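Next come two complexes built around chain A: one with chain B, the other with chain C.
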Partner chain A sequence: MAETAAGGKPLSWRLIDGVDRLVAAAWPRGLHGMNGYLFLLPAVALVFILVIGLGYMVEFSLHELDLATYRLKEAYSLTNYQTFFERPVYIRVLWRSLLAAAIVTLITLVLAFPYAYLMVRTTSAATRKFLLVALFLPFFIGQVVRAYGWLIILGKEGLLNSIVTGIGLPPLDLIYNYPAVILGLVQYMLPFAVLLLTPAVAAIGEDIELASESLGATWIGTFRHVVIPMAKPGIIGAGIVVFTLTLTDFAMPEILGGGTSDFIANAIYDSYFQISNIGLGSALSIVLTLVGSALVALMLMIAGTGTLGFAERKS
Partner chain B sequence: MVEIRDVSKAFGDVLAVDDASLALPKGEFLTILGPSGCGKTTLLRMIAGFIRPNAGEILINGAAVDNVPPYRRSIGMVFQRLALFPHMTAAQNVAYPLKMRGFDPVTIPDRVSEYLRLVRLDGFEKRRPQELSGGQQQRVAIARALSFSPDLLLLDEPLSALDKKLREEMQLEFRRIQQELGVTTINVTHDQREALVMSDQIVVMSEGRIQQSDSPEAVYRAPSNRFVANFIGLTAMFKGAVEVSGDGGILVRVGDTALKARAQGELGNGTAVDCALRAEQVRILDDPANGDATAFENVVTGEVRQRIFEGDRMVYEISVPALADAVLFAFDHDPLHHAEHRPQSQVKLGWNARDFFAFPSDRT
Partner chain C sequence: MSDNRDPFRLNRRRFLKGSALATGALALPQFAFADGHTKKPSELIVRAWGGAWGESLQAGVADPFTEATGIPVRLDFTEDNEIKPKIWAAVDQGRVPPIHVNWDTTTNATISALRGVTVDLGDLKGLDGLLSIAKPTGIDGWPLVNTYSYVYVCAYRPEAFPDGPPESWRVMLDPKFKGRVALYDDGIGFNPIAVIAGGGSMSDIPDNMEPGYQFYRDLKENEPLLGEDADFTTWFQNGEIDIACTISVNARAAKQKGINVEWTVPKEGCKVDTDGLWIPKGLPANEEYWSKRFIEFAITREAQEKWCSLLGLPPVYPGLEPPADLAGDPAYPTAPADFEKLVSVPSPVLVENQPIWFSKFSEIMQG
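Showing the complex of A and B:
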């Protein structure tokens, strides 16, 4: 028996042996084929709860608000969706969110790629450390705090304007507009994008770039034909994350837009909490979910099945 | 064709390449041979243009290439880890340099199949590198490096990751392709067998310095210093001092014994020397087929310390008390039919002065 031989074994071995025996008793060998699924349970539970919430929202969205009682009517109707399509303001808000998502994704990727590339390729340990710290620091500062940071810098009496007025010019309107929202979002998304791009760039051996160069490619050619295609899974992944995070963002348009540049999330918030129309808010949420999912599916389709590391398997 | 003049390169305090010079005529195959970390890759990368030398000059086709970027040099390179493009098929890999170098697009498909045929990969055009075996990946890498007809081919230990059998097969294959095309080639390896098998010329390197530059036979037969003697072949090294020096023939005292040796360099009486003796030149005189003691200028008796059976031969390690317990190596090339010498048994060994090198000793 193990107990008799255990005398000479390290304590940690004996502890693990004990745990193993307990596990073996609680989870018989016959069930081991299902081990993988066991680990999936928490994720499945989470998704399941989300789906329940979504189900409720679909249900709410199909009932019109009764303005007499401020309750949802019993009868099913598509009135809320009709409202969305008939009121130009909602279409405009959706369009503004989509446009921002596209612009922010593009700018963020263009800025993040060189950052990730430099961080991977630099031979100076000091540079790499600096870039890493600069990358992780923003994660400790929430989105709302960062938005207020921009207010301090760009506001009517902010840092920049105090310089502008200091040299005798009239103050500039730097916040409460669309570009300010875009700026805030790009700054917020940059670390996410860099973090997702870095492994993709690191996977490209330096030899591959040298090989390309010795085969006759300039650095632009190498970038176009080798680096970008090889980093594609990372680029698509980062693009999808930034796109969806921007599309559904609330804080930046709220704080830096100041009501001038509302996104859908702001419209949903207003429906729920300003005009207390749960039905309309739910309908807007469903529209956002559908549009977002459709676009992500489209991006994945265009990018091909090989992206995100799911290698095409040929027999 | 290629000429390197007094080239040096330092990384911080490390002198990776130290005052290296070599010259290679058109169409020849040169191998830079040396242990890991001796500066082979650095030298090769300077020729390719990835690294700039701190000093010295590199000439290709008679012109200094100091300011020529890699993509303008007509050099095909096969990397240590091959560096194939994983997102391209074999054919696309081979076509890549043709596209980048502006070949007429109409001619590209023909050229690609010509070179895939040269490396015997016709039929594998559509495979991606990860769908090919190690040997096939080597072939794609060499086809890619050659498809644009470069003036010079550089090989940075591309075979080192293969298993022995495949490696030896690919050595002959590389040599065949090189001779078929007549392309000037510089190969780099730490594998002495590979260097001896493939090359017209071998450059032995150690710690950034070129030790010897010669034909394979000359490097093997007449090592110019103790490093080369020790690095190539299975060589016993031990210390001694010159007792009597004449022209060429000298007597070296090792322990209690005076041995006839071949002087490599100026060796006056009393000079401390390093002696080098290759295993295949030592005969075990207890085997009648090896002749008798009268046929050898140096004869000693030793005790077998270890024998290593390698299938086609037995390697004996024999310590000799009369030579201050120096350890000699000796082969038996027919171990299945010859008497076995067990550890602790006494054997008589003989060798000749011409195979026994004496080099002036380093101070160490």
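Showing the complex of A and C:
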């Protein structure tokens, strides 16, 4: 046991003993059975703070902006939500964000899975190291810098267009459009997806794949009927993370979209900062939160929480 | 032999000590007040725009102010729209605001004044000698001081216009400029121009903006790029646009960097506007005092001459000569005849309608 201290007990045991003694001094004896739940307190506190923030946003969203004072009116109203439904631009940018989230999730998972699979199954230490470095390197480069990197590569006088014009073809419009935003997002999300898929793939024993093949399954059959179903928790988890991060993204559409491929996060920013309408910005934020949460809930309902390893323990 | 231990015995030393303490106690509030006003802060934070804008403020106002007072001035390049809610929240919550002086558009500054977060600057020295545009309109007092005017010019790449500068803004609709036209991402500086270019007139603003909205719809077909000040320079530099509506400062700065850019005022005119300086409420008394001195300094002849000459913009201090490269330039209005070629929308109209125009612009461009 690597963490066994000189006294014989592992460090983690001694830590828990310490916490137990601390709790015994401040916690009614009858509740000692619930000591373990105390470790959840920091997480609960974080969520609680988030909920308080959302509560304020709900409150702000129910007041209309008074253009004479640039303060929210006292009276409660649904004007901001009405604005969301009446002005096509908001439905349009929400739809654009949802579509992008779906496309990016699909492409990212398709690209990330073989990467994770190869990283786990390769017998070459050099290949594994290379894949790991390539995976973690983008984490050291922020999203904004990566977006600007794409501008350099895809711009009118960028690397790709230099090649295109070099062979006598006219320059291509590769940036400031929706596909450019999708490309930037896929590149940004890929490491997240690989990181979430890797443990799921690693949990599949290689001997199971060998057993499947020895029973006559082709490689594709094994992949389809054994690997993919067993990696489902990772696929669902990665899908949810990539989907929600894309849905709420701001920087890629801002930088690579040329101002005409905004997502809902950009519309929220504009409401808060450009037109100083905190009520409308809050209403849009609440709509985004509700839509995002509903879709994640739907995904979990379809896939079942058991896919994430939350299945009830069977006796 | 006197008994010094007797506490009630009044000797000369005790009398003098007591008198001094009493005098000191009486005078204390006045000294504290004076000290509170004169104590220099460790620095003054001035929100500014970056690039040529910040460089001009540094060289024209901040550095000479530091030289004169010994107070370092730090420029904060937070976006003007982003600093606004931070200041509003600080004032509402009784916190010290994040900056001392805000360099802001007159419209945004007026909005902050309506919100009640600005300090009155009516007691500044030198206000009387400035041009009338220095005084904000549609609002009482001096919640801000306008410091210069500027023009949203039609900037273009000369190679794309071999027959001479564009005569009309409608050239933006020409399919040969598809994807090569740029505007600000909220349409600022172009809304009234779009109305005129779309077949309307000044009398249509603000009640009938439809000609402008139709112009935007037509322009949308030409896939314009939408960005901020810095984007225009990059786009011109990379040859990604041929024509843009941007502030003359950006076009001039690009030209000074060797980028082949010219600018003109087309027949429909260009929007002229002003920027100003204001101080948020809630600063400690001494910091507010020195912030006022900063603005006072910014409207002196010395500061206005250098700052505005670097910016290439007409100052509010009267009688200053334009920089040599801008003499006679329609984007550097000085005489009433120059202003006739430009489109000016009164500040109260902008304050009340600009958010609506921004929203409509966004609605059309995001289609």
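Here, the second predicted complex is superposed on the first by the 278 of 315 C-alpha atoms of A that agree within 3 Å, B and C clash if a C-alpha of one lies under 4 Å from a C-alpha of the other, contacts with A are read in each partner's own complex, and residues count from 1 in each chain.
The criterion applied here is as follows: contacts are C-beta pairs under 8 Å (C-beta built on N, C-alpha and C of every residue); 3 or more make two chains touch, one makes a residue touch a chain.
This one's a predicted model, so the numbers in the text were calculated from it and none came from an experiment.
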Side-by-side fit of chain B and chain C on chain A, or clash: fit
First, second, both or neither for A:Asp173, with chain B first and chain C second: second
First (chain B), second (chain C), both or neither touched by A:Gln274: second
Touched partner set for A:Pro229, first chain B, second chain C, both or neither: first
Touched partner set for A:Lys9, first chain B, second chain C, both or neither: neither
Closest approach of chain C to chain B (Cα atoms, Å): 47
Chain C residues within the chain A interface of the complex: 79, 81-82, 84-85, 111-112, 114-116, 179, 185-186, 220, 223-227, 238-240, 351-352, 355, 358-359, 362-363, 365-367
Chain B residues touching chain A - in the complex, by the definition given at the top: 45, 48-50, 69-71, 73, 75-77, 79-81, 83-87, 96-97, 100-101, 131, 144-145, 148
Residues of chain A that touch chain C when the two form their complex: 67-71, 87-89, 92-93, 155-157, 173, 176, 258-260, 262, 267, 270, 272-278
Touching residues (chain side chain A, partner chain B) in the complex: 205, 207-208, 210-218, 221, 225-226, 229-230, 232, 314
